[in-house]
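Shown below is the structure under consideration.
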Amino acid sequence: MSAAPLLSLEDVVVRFPLRRTVMDRLARRPARAVHALNGVRLDLHRGETLGLVGESGCGKSTLARAVVRLLDPDDGRVRFEGQDIAGLVGAARRGFNKRVQMVFQDPYGSLNPRMTVRQVLHEALSVHRMRPRAAIPGRIAELLDLVRLPPDSADRLPHQFSGGQRQRIGIARALAVEPDLLVADELVSALDVSVQAQVVNLLLDLQGRLGLTVLFVAHDLRLVRHISHRVAVMYLGSVMEVGDTEALFSAPRHPYTRALLDAAPDLDPARRTAVAAARGELPSPLAVPSGCPFHTRCPHAFDRCRTERPVLAPRGPAGRAACHLEGFGAPA
Amino acid sequence: MTGVADTRPGALAVRGLRTVFASPAGPLTAVDGVDLDLAPGEILGLVGESGSGKSVTLRSLLRLVRPPGRIAGEVLWGGRDLLGLRPGELRRVRGREIATVFQEPMTALNPVLTVGRQIDESLRAHTGLDARGRRARGVDLLDLVGIPAPATRLADYPHQFSGGMRQRAMIAIALAGEPRLLLADEPTTALDVTIQDQILKLILALRARLGMGVILVTHDLGVVAQSCDRVAVMYAGRIVETGPVAALFAEPRHAYTRGLIGSVPRAGGERRPLLSIDGTPPGLGARPAGCAFHPRCGFATDACRREAPPLAAVAPGREAAGREAPGREAACWHHAAVAAAGIEAPVPEPA
Amino acid sequence: MTAAEDLLSRRRPAPRRFRPPSLPRPSPALAGGLAILAALLVLALVPGLVAPYAPAAFDYRAILKPPSFAHPFGTDNFGRDILSRTVWATRVDLQIALFGTLVPVVFGTLAGAVVGYYGGWVEALFGRVVDAVVTFPFLVLVIAIVAVLGPGLFNLYIAVSVVGWVFYARIVAAGVALQRRLDYAAAARVMGYSTPRIVLRHLLPNAVSAAIVYWMTDMALCILLGSSLGYLGLGAQPPTAEWGVLIADGKNYMNTAWWISIFPGVAIVLAGLGFSLLGDGLADLLRPKR
């Protein structure tokens, strides 16, 4: 990838400090913080779908929120077309918001319960002056058609739609401002399986037709594999591995990726194993292990892993992994 | 599945199970004539989407449905009808012969009692052990479900356990009465994928070791494929298809099963459209007439709109070439056409 | 066309079954409350419709007369017709209900929106204000302010407004803080909408229903407060007909002429009931559907 990335994260750190109680202060306990992102480096290229996958507490949703600037990093930078987005104010900020949009997980909480679909889309179109006033009704109809909602849905309120239809409304709202980058945070995880597939198909179709760049955040490995050109695997606030989907799934170069792949329930009953893919519990993001965050559960961990944090280093033609075992998963 | 009920100990046979909830808008039928068979030591997956009635079915087996719910039909447990038992007799079956594990590991444990105390309660109810015996057994049980340092963890409160550990503790409590059958309602849905994997492997290991049967309710076909012997697919309160896991996944015979399997992304089909199903599952009060799936079905004909197909035996298909694949049943007028269509989504032709 | 192709060609989701647009059917509480308040409003606007005499007309030939055809509610110690005075008082008391709450509702709602949206030190500061206000009994506080400013309705409004906005602000702040955490608020921020737009157009409409319901109860309470102060001589001044003043008028004749105080008392109860029912009904109506 030689072209400059559309968006890049440079050593992004996000901490959520816990509130200290009076007792904590009296006992002089140090202030504690959830370490949501611990120096994340990641590039997003124009036109690609980057899948971001990981278990709870891995920081994937925090990363999504940092990308759309719902929160600002404590350290490091998020650059959009080379520009640090933390410095954007006023019209420049609105311009950024127009180009980077997000769809949310919760089909029930992500729509204002008192606004009809028409009001939602009209607001987006008129605030950003996407169309002359007279052309707005026509554009609303186009948007509904784009996300395959029936034309008569414009004047209905969110509670009159099913979960899958609400997610379509959320997509239409994001697409109203014609963004370059669409961040999808657990877009389908609250939906029934059959409805998930509809929304996934829609996203694939839109991505191809509109040339969108997509950051697809999900915990479901099968979905991420299906949708993404490239995949980044996160664990406790760090990117463990990133690479082209095909390569990463066929020959993972990080033991955590391997464990995640083996743990994901396969649809093929013939591929059953008796032993669990990963031992131990997920550590709390309040107490991220020293060194490699995965060392407490890694079957290959050795002394260096406990003390020294591995950096993301090149593996194979297009991938990178943060593991001291450079040869892990390499073709023999 | 109208065959002769298995009356061996540890076998379950459900016949014509119906669970109806009274509501101001009229009766809502959550479970609409379900027949199920479970051999001793078998793991059966009960799979479906929201509103399919899979959880209510599971709860109805032990009459764990609160009014205004009413249960009818037969639940034959080793030949005895659980629905006809007096409350005292049913209590002796619950927990001791048939145990349950539910979805929410956060709320299923009492937060103000230690885990040891809650295991102790279960042991006291289901065994004749004295206090020392119960403590020793409690340690054994925690060890059995894979909780490290079990003797010290007995004194912990549930909030000191992680989600996965709580689900293990729930399973330990369920195992206290050495049940012959475990009813598990979405036991891994709230868990992360590596922890889900651990719990599923644990259930498989316990089945092998203790010989108990399991009914596993889930919405995740992958979970079924990785842990069950047989599977029953539910839609709108009915079982629409049932069969051995390998055969059913290889060649579904009901259009709904086919769509469900096709909706799950598989390796090799990256960035191609999934075989999705139109529309959404019907609500309890709005089940379509005839085959409840017909408004979402590409195979539907007038026959489907007119009459609900019965769950009937279908011949083993090409997946069973040379092998015996008995017990395949489907409630679909077009099961032959569904089998012929396969589970690959055809690539749409460019317009 | 094969079945599979058929399936693909119809990917558009099936439209939901047609549901007739149902007008919100008023609940019995809403209907009852509206009926009572509408009746009171008519009395306030055209008291002559029911009141047979002028409210302050003396009639020394009919002093302390029990209810009769000429005076359905009887007369007081100046021969004034109680029915007429009670009806005319409606105008004054509804004014008290409205003007005593208007500033608190508007200012409290806006202040609450700001507090709820920004949280942090703004919230902490507001918390101290709430503490200061709730530590004193409301009535004592209002009486103290009126005592300083001097008796009269206008000063009563000032006193109630100075204290009353805090309760609205607290309700609205809690609602806005709750709504702010939902994803639609995040979506509005990602859309690049201005803060006033997010607060006023998105969060407030979903957070004010509790305040509106409280407003209804508060209007009833305000009438009671106005009447209490009227009774104490700190509110409406005689000879203005106001329910609290009317009750105070009758306090010396309770044993001989019960009707002087009873009928205005019934009017207060009726108004309170009307506002409470309306509040209940609105609570049902405003609850967002999910």
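Quick notes on this structure:
The chains carry the letters A, B and C, assigned in the order they are written, with residues numbered from 1 in each.
Here, a contact is a pair of C-beta atoms (placed from the backbone, for glycine too) under 8 Å apart; a residue touches a chain by one contact, two chains touch by 3 or more.
Protein names from UniProt, one per chain: A = ATP-binding cassette domain-containing protein; B = ABC transporter ATP-binding protein.
Keep in mind the model is a prediction, meaning the values are calculated, not measured.
The greatest centre-to-centre gap from chain A, using C-alpha centroids, is found for C. Relative to the centroid of all protein Cα atoms, the closest per-chain Cα centroid is that of A. Chain A and chain C have CA centres that are 48 Å apart.
Work out the mean CA point of chain A and of chain B, and you get 32 Å between them. If you average the Cα atoms of chain B and of chain C, the two centres end up 54 Å apart.
Residue positions of chain A touching 2 or more other chains, listed in rising order: 162, 164-165, 198, 201. Contact with two or more other chains is made by residues 11-13 of chain C.
Within chain B, the positions touching two or more other chains are listed as 273, 275-276, 278, 280, 296. Contact residues of chain A toward chain B in the complex are 55-56, 162-165, 192-198, 200-201, 204-205, 219, 221-223, 225-227, 229, 245-246, 249, 259-260, 262-270, 272-279, 281-282, 297.
By the touch criterion given at the top, residues 11-13, 15-16, 19, 182-184, 186-193, 197, 201-202, 205-206, 288-290 of chain C touch chain A in their complex.
Every residue of chain B that touches chain A in the complex is listed here, in rising order: 49-50, 162, 164-165, 192-198, 200-202, 204-205, 219-223, 225-227, 245-246, 249, 259-267, 269-278, 280-281, 296. The part of chain A that touches chain C in the complex is made up of residues 65, 68-70, 93-94, 96-98, 100-102, 104-106, 108-115, 123-124, 127-128, 148-150, 152-153, 157, 159-162, 164-165, 170, 173, 177, 198, 201.
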